[in-house]
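Several structures are given next for inspection.
Look at the two complexes coming up: chain A is in both, with chain B in one and chain C in the other.
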Partner chain A sequence: MHQILTGINGLDVILCGGLIPASAMLIEGPPGCGKTTLGVQFIVNGIQQGEPGLVITFEQFADQLYKDAYNYGWDLKDMERKKMLRIICTSPSTIKDHLLQSEGIIHNLINRMGVKRVLIDSISHFSRITEKEGPLRELLFSLINALKQKNITVTLTKEMGLKEEPSFEEYVVDSIINLSYEHFGESRTRTIEVIKTRGHDHISGKHYIKFNTDGITIYPRQFIIEVDNPTPFADYIPSGISGLDRMVGGGITPGTSILLSGPAGTGKTTLAMQSMYNSMVKNGNKAVLFLTGESPDSVLRLASGYGWDMQDLQDKGLFKLVYHDFTKLNLEEHIREIDLVLRELKPAVVSVDSLPPMLHNLNDNSKLITEKIYQLNNLFKAHRCVSFLIVRTLLGTDQISSYGEEEALCDGIVILNSKKYGHTRRRSIEVYKLRNQKHVTGECGMDITDNGIRVFYVGKGGKK
Partner chain B sequence: MQELEVVRFGLLDGIVKNSLPYRTTWQLRGESGTGKSTFAFQFTMGGLRRGESVIYLACDTPVRNLRNDFTSFGFVISQYEEAGQLKFVESYESEESGVDFIKDASDVQEFIYVLAQLIDQMAKPCRVIIDSMTAVAVNYSTQDLVAMVHEKNRLLRKEGVVMLDLYLKGTLEETGMYGLANAYDVCIDLYYPEEKGGVPQRNMRVHKIRSTDFDPRPFPFSIRTGQGLVVDKKFYSR
Partner chain C sequence: MKDTKGIEEILNSICDSIIKIGLVIFLHQNQGALDTAEGLSRWLGKTEKEVKHALDELVNVGIVEIFGEGPSAIYSYTQDECILQVIEQFINGLSRENGPLNKAMSLLGGGK
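After this line comes the complex of A and B, so read on.
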């Protein structure tokens, strides 16, 4: 099936390939949520692909539209000069008259320019002609059909307050996009939801959108990760901690996600850092630390305390630290960022330190949390990274994860713990689960020395 | 059997009929003052002089005292230590002494791990001496100690490695000691026999050697500077 790309970042992904040519898409939503911008972006992207566009607006004067568009780097005036775009500011009744006449000015314009995309902003104004639903529906149907017959793809915007019953417009168009506001924690974000697409699939649910300098970007909730030619790492990535490597038969298979869990102070950050450091220094791999809990300073200080000069590795381009204040973190955007960083650096080992702050803004919504962890895991897997997802558990409990979901989603679980023996406290490590890899079960002693973690396992238990 | 696979230790010549291979674990038990450490020094020197490497784990006394003890018995070790052929490990003092150490000798796993790492690093053949296991044993119940020693010997009994563990007799329950003997290939006792008047004479008795014949009778011995234990091997033929 042939589809035309809207060219809007992320929209074609959630539309599963774009729109069907000569179809009508309704963009509805409350004021200020980006309906016009999205519509104009659709037109501009068409022009950039060589498809002339027409904007019919009942709301704004052209000047305002030029100015707004220019903020996103779209020079509409220039496009008009090049006869690729025409903006018509008019009234609904004029449009009705012209469009429904087969020889009207607008038809001539469309024919002359070879218009392929039309934006009507907004159809709410048609109620100025009549408020009766029957005639309105007929009018809209005729308008859309007149344009479709000319092989034009139409986008229409519609103002909407609180969600109402489906309106007649929704039956007339082929696809519907709903823009709205959502509260995530204390912050409010804009979201997009595809309500229907006639003739092709779409990714359902709400997706986060952001206004960037080049227009709107949509961050698909379940974006499909395709990595061409993922890095061919060795059969397994050693942590460089000899005891631990022996427990798992030499190292971890690339593409394995490991939940690294344990109470505070048991060495989770250290273990992940040491594995990354060793992988870089001993095996020439690259590593990325996605930090949301602690500050970069404290983590780099921790590393240098063990003699691991992460700054130097960062300067050499082997290591990258991506830090976000978790209170301000937008997860959808961050996941997209993670993907970009992985594509750029191609690391063998990554660490998420730690998972709960990264998921903080999901407000304990367990369904979303599960989805996001699944998505993160898939992302790391697609890039063939060994990933450590760090979670803190409570001391003295049998708790393995923070949300009770991670243990099923991750390929492996490594639990760090400590117990009191007389007056001393001993640390332990346990490979609780490791899919498709032989490993030693049960707790094994470990300690943290000036040079990092030592795992007191001397057997050959994990031999494949 | 190749030359390298045999532990050369003149002290047992004549008492043990055949040579003893590496990959064996030896237990030396003795009362206080019977010469266990001297035996261990001799075992150390025997290896060093043949070009073998030695790991000496000091659990009862600081390494600096041990070095003095070697010297006072007429054994010169400094050149071997400098060459890295002899390595002292300590579980008695803290890390300040500058030798490798075991932080917590009561932690079986750390204990075995540190020794395993060192054994891996040292050239083979290698003699490993633990002087003494008694200091380690006090941290365990008899049952746990037996399990710990079995685990240790299972994991550390490697090609080219012979281990000698010293035990102070009387500190552990006798019933436990029998279970312990199973973890060893060679068991030797040093003791004073019941006094029948005159100067007490130390005795050595080999009471177990796996897969070779030996003379199970007690042999009197004396301790001489520069030589260590000197066993009267002709005691029964006179």
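After this line comes the complex of A and C, so read on.
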């Protein structure tokens, strides 16, 4: 089935390829959720693809639309000057009278411009003609068909409350998009949901949307990660910590996700940093540290204390420290940002320090947490990175992860711990799990020295 | 180049009516407007009768075009570039601090 791209970031993904040409899409939602912006963006993207557009507005002044659109970099006035766009401020009865005639000023305009996309904003105003559902349904059906017969793809907006039963308009159109608000803790965010598509599939569920400087961006909940020609790293990526590498048979297979777990102060950040540093300095690989909790300065100071000049590696383009304020980013957006960094740098080793802040807005929803960790792991696998996902556990407990979901989803689990013996603490490291790789089980002693982590595993005939 | 002198005279003459000024400004800012007298009266927040009267005068001077007749006749703004340029200058003049628009607005209790 041939589909046309809406051109709206992420929308074509959740519409599984876009819209069917000469179809009708209803955008419904409460006030302020972005219906008009999404509709205008659909028209603008059509114009950018050489498809002239028509906006029929029953309420908003064209002048206001020009101003709003200009904030997203869309110069609607210029598009009108170039005869690629026409914004008609009019009344429902005028549209009814003139669009349903086989000839007339609106038909002439559509023919003259070669209009391919139309936005009607909003069909709620047709109730000014009649309140009766039967005639309204007939009117809408006729209007849509009049435009479809001209091979025009139509978008219609409709105002609705936060909770409303399906209405007759939903039966008349080919696809329905619902915009709404969701509460995450104290904050409110906009979401989009495809309710129906005729003739093609769509990704169900609510997806997060954001108003960016270039319009609306949709962050699909499940996006398929495709990485062309992933970097061909060596068979194993060593951590450079000799005892640990001996425990896992030389290093970690590229694409393996490791849950790095342990109470505060047991060396999780240090171990991840040391592995990244060694991989860069000894093997010429690249590495990225995604920070969500720790501040960049404190992490760089920590590394500097061990003699690892991460700033120098960053200047040389081998290392990247990416700090995301998790309170300002939605998870889908966060994962997208990570993907962009991986595509740009192509690192062999990455670390997320730490995982729980990334998942904070999932409100302990175990299904969503599982989905997101799975998605994150798939992202790192697609890029063939060894990934360390850091989680802090409680001292003196058998807890391995923060949510109880991570251990099943990650390929490996490395637990760092410390136990009190008399007046001293002894540190330990345990490779609890490592899928498809032989490894030494059980706790081994380790220490954090001035030069970093040292693991006391000797192995057969080896030395410390 | 068209002789715009006549248009300028007409534009100056419409300053006698707030409705006509309001219509010209509305149509100039929303050049794709296409509606009946009743519809345009809603956009302007005026009565249909006074808007219809003003529209007819603007049709006569070529600033507004009319399609059809009777209550379902629809009106649209001129697409004549020459007239549009003159109206642009006219509106800019109206908007000046001591221009007639501000005077009219102050009489109405508003400001610009």
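By our rule, the second predicted complex is superposed on the first by the 452 of 464 C-alpha atoms of A that agree within 3 Å, B and C clash if a C-alpha of one lies under 4 Å from a C-alpha of the other, contacts with A are read in each partner's own complex, and residues count from 1 in each chain.
Heads up, the rule we're going with is that a residue touches a chain if its C-beta (ideal position, glycine included) is under 8 Å from a C-beta of that chain, and two chains touch if they have at least 3 such contacts.
Note that the coordinates shown come from a computational prediction; the quantities given were computed from them, not determined experimentally.
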Taking the superposition as given, does A:Ile129 touch the first partner, chain B, the second, chain C, both, or neither?
neither
For A:Ile400, decide between first (touching chain B), second (touching chain C), both and neither.
neither
Of the partners chain B and chain C, which touch A:Ile203 in the superposed model: first, second, both, neither?
neither
For A:Leu5 in the superposed arrangement: first (chain B), second (chain C), both or neither?
neither
Examine A:Tyr421 and indicate which partner it touches, taking first as chain B and second as chain C; both and neither are also allowed.
first
Look at A:Val281 in the shared chain and tell me whether it touches chain B only, chain C only, both, or neither; answer first, second, both or neither.
neither
Would you sort A:Thr90 into first (chain B), second (chain C), both or neither based on which partner it touches?
second
Report, in rising order, the residues of chain A that make contact with chain B in one complex and with chain C in the other.
none
Chain C contact footprint on chain A (complex, rising order)
61-63, 80, 86-91, 93-94, 97-98, 104-106
List the residues on chain C that touch chain A in their complex, please.
29-36, 38-39, 42-43, 67, 72, 74, 76
Which stretch or stretches of chain A touch chain B in the complex?
242-243, 421, 424, 426, 444-445, 447, 454-459
Of all residues in chain B, which touch chain A in the complex?
103-104, 106-110, 112-113, 116-117, 155-156
